[in-house]
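Below: a set of structures, written as structure tokens.
Consider the two complexes below, in which chain A is the common component and chain B and chain C are the respective partners.
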Partner chain A sequence: MAYPLQLGLQDATSPLMEELIQFHDHTLMIALLLSTMVFYTILTTVTTKLTNKNMLDSQGIETIWTIAPALILILIAMPSLRVLYMMDEVNNPHLTVKTIGHQWYWSYEYTDYKNLEFDSYMIPTQDLIPGQFRLLETDHRMVVPTDSPVRMLITADDVIHSWAVPTLGEKMDAIPGRLNQTTFVVSHPGVFYGQCSEICGANHSFMPISVEAIPLIHFEDWSTSMLAKI
Partner chain B sequence: MSEAINEKIKNYSTAPFDARFPNTNQTRNCYQNYLDFHRCNKVLSAKDHDVTACEWYKRVYKSLCPIGWVDKWDEQVENGSFPGKI
Partner chain C sequence: MGNGPIRKRNHAAVQWQGKKRSARKRRGFKLLGILDVQNTPCAREALLHGAGGSAVAGLLHFLVTSRVKRSFDVGFAGFMLTTLGSWFYCRLKNAKLRVQQRMVQEGIKNKILYEGTPLDPTNKPRPSGPS
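What follows is the complex of A and B.
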């Protein structure tokens, strides 16, 4: 999860996020190398005592510094398109969960078998118990089984919100009247946090998302207990 | 034929991938299955056939459509103000 002074991406909890992190690292490395090279070139150019008033053009270097950027861009585009198409692959989900954005909370619906629905409000700071995370904890978590493709259908009840969980590589707008689909697989058990990612009013910063992933054998126990409770 | 459908309904886990709706926007997928369920019921019961095959569409729309949307549409169907063609 996020931590203070964090600079990079959160560790991946889904295979797609692992791919995205690898692509990000690859592209950032190219950008850093190029920037270093350009900085060095500028530095040496402005600090040299040498002058040459007769240099007009040079076909050789012009050719090189036209072809080389094109090759670098291809080296970036290839993994980029690979990940992009990977994100669109058809995977047959085991479970469908709907989430609806409201002002200012998320509600979750599991209706493949029975009608399980519940709201998920942020736990106010004054009600946190020691060890809980400020502005991230919710009273009910969205629980999913590990290692199972989950289909998320995201919409909203009032204004536009956005459902995001960075560690899963998930972000999808919640738009009233529209049902947006995204899929993910959670690789290992744990609790994963996200925050509403589209400005939606006074408490936009106070409607977090928390996803709890548990092994499949325990998932049924959880849904049975939730149905009994709600 | 109806055996195959009943088998599919029995082994239902969640709405499968539908090639008619391959993209992110699944609004039409939900709405179409809702329409298809009601149309299936209407046509089969008009001919006095068994309506259990229509259960497939019901399972799919229940999986995909938000409960609020379904409740609103059910109410509209009940009082005759549903805008879709059934």
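What follows is the complex of A and C.
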């Protein structure tokens, strides 16, 4: 999960996020090398003693610095488009979860078999027990099975919200009157946090998302116990 | 017997130093504050190869031409090319490995799921008997 003064991405918990991190590292290395080259070029230009007031053009260097950037952009674009289309694949989800954004909480609906619905409110700071995370914990977590493709249908009830969980590589706007779809697979069990990512009013920062991934057998126990409570 | 407590203290001190060292290692080294060299796959190897290639290229050019500034330029170009080459080669190798890993995982999952059924991927087709 996130830690203070973090600059980079969180560790991946889904195959899609692993691909996104790979692409990020690839692009970052290219950007770093280009920046180093530009810095070196500026340094040599500023410190050189050579001056030529008659140089007007040079076809060779112009050709090089037209074609080289085009090649670099192709080198970046190819993996970018690959990951972009990979993000849109829907690969036979085992479970569909509907999430609705409200001011200022999320509600989740598991309607595949029986109607399981619950709201997920942030736990206020004064009610946290030691070890819980401030502004991230919720009273009811969205529980999903591990290693199973899950389809999320996301919408909102009032204003635009955004359902985001960085470690899963998920961010999708929750727009009233529109149903957005995304899928993910959680690779290993754990609790993963996110926060609303579209300004939605006074308590926009206080409607977090927490996803708990557990093995399928325990997921079945959980859904049975939740249905019994309701 | 007189050394017992001192030995214990030293052991604890060594353990504490080990923990501090491993904590430092886990934090990683960020090149220019951006690229986490230790935790990004292939980054460390690419930069080390780049440094080596740069040194070799620059030194060779200087030995041949005795021109200092141009040797620095050649060294820098060597750094860029070697880093890029090493980076892409390593990433391509890792990507192929990841694809193979996923195929193996899928195969293991299928074997477990379909074992004993007609869809078992390890079932060999039986040769047809005499007519």
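Criterion: the second predicted complex is superposed on the first by the 230 of 230 C-alpha atoms of A that agree within 3 Å, B and C clash if a C-alpha of one lies under 4 Å from a C-alpha of the other, contacts with A are read in each partner's own complex, and residues count from 1 in each chain.
One rule holds in what follows: a contact is a pair of C-beta atoms (placed from the backbone, for glycine too) under 8 Å apart; a residue touches a chain by one contact, two chains touch by 3 or more.
This one's a predicted model, so the numbers in the text were calculated from it and none came from an experiment.
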If you stack the two complexes on chain A, which partner ends up touching A:8: first (chain B), second (chain C), both, or neither? second
Per the contact definition in the header, classify A:26: touching chain B only (first), chain C only (second), both, or neither. second
After the superposition on A, what does A:44 contact: first (chain B), second (chain C), both or neither? second
Figure out whether A:146 sits in contact with chain B (first) or chain C (second), or with both, or with neither. neither
In the overlaid three-chain picture, which partner chain does A:95 touch, first (chain B) or second (chain C), both, or neither? first
In the overlaid three-chain picture, which partner chain does A:182 touch, first (chain B) or second (chain C), both, or neither? first
Partner touching more residues of chain A, chain B vs chain C, is chain B
Show me the residue ranges of chain A that touch chain B in the complex, using the header's touch definition. 90-96, 98, 100, 109, 111-112, 115, 117, 151, 153, 155, 157, 172, 177-182
Contacting residues of chain C [partner chain A, same complex]: 30-36, 40-43, 46, 69, 73, 76, 80, 83-84, 87, 91, 95, 102
Okay, in this complex, where on chain B does chain A touch? 12-17, 22, 24-27, 29-30, 59, 62-68
Can you name the residues of chain A that touch chain C in the complex? 7-8, 15, 22, 25-26, 28-29, 32-33, 36-37, 40, 44
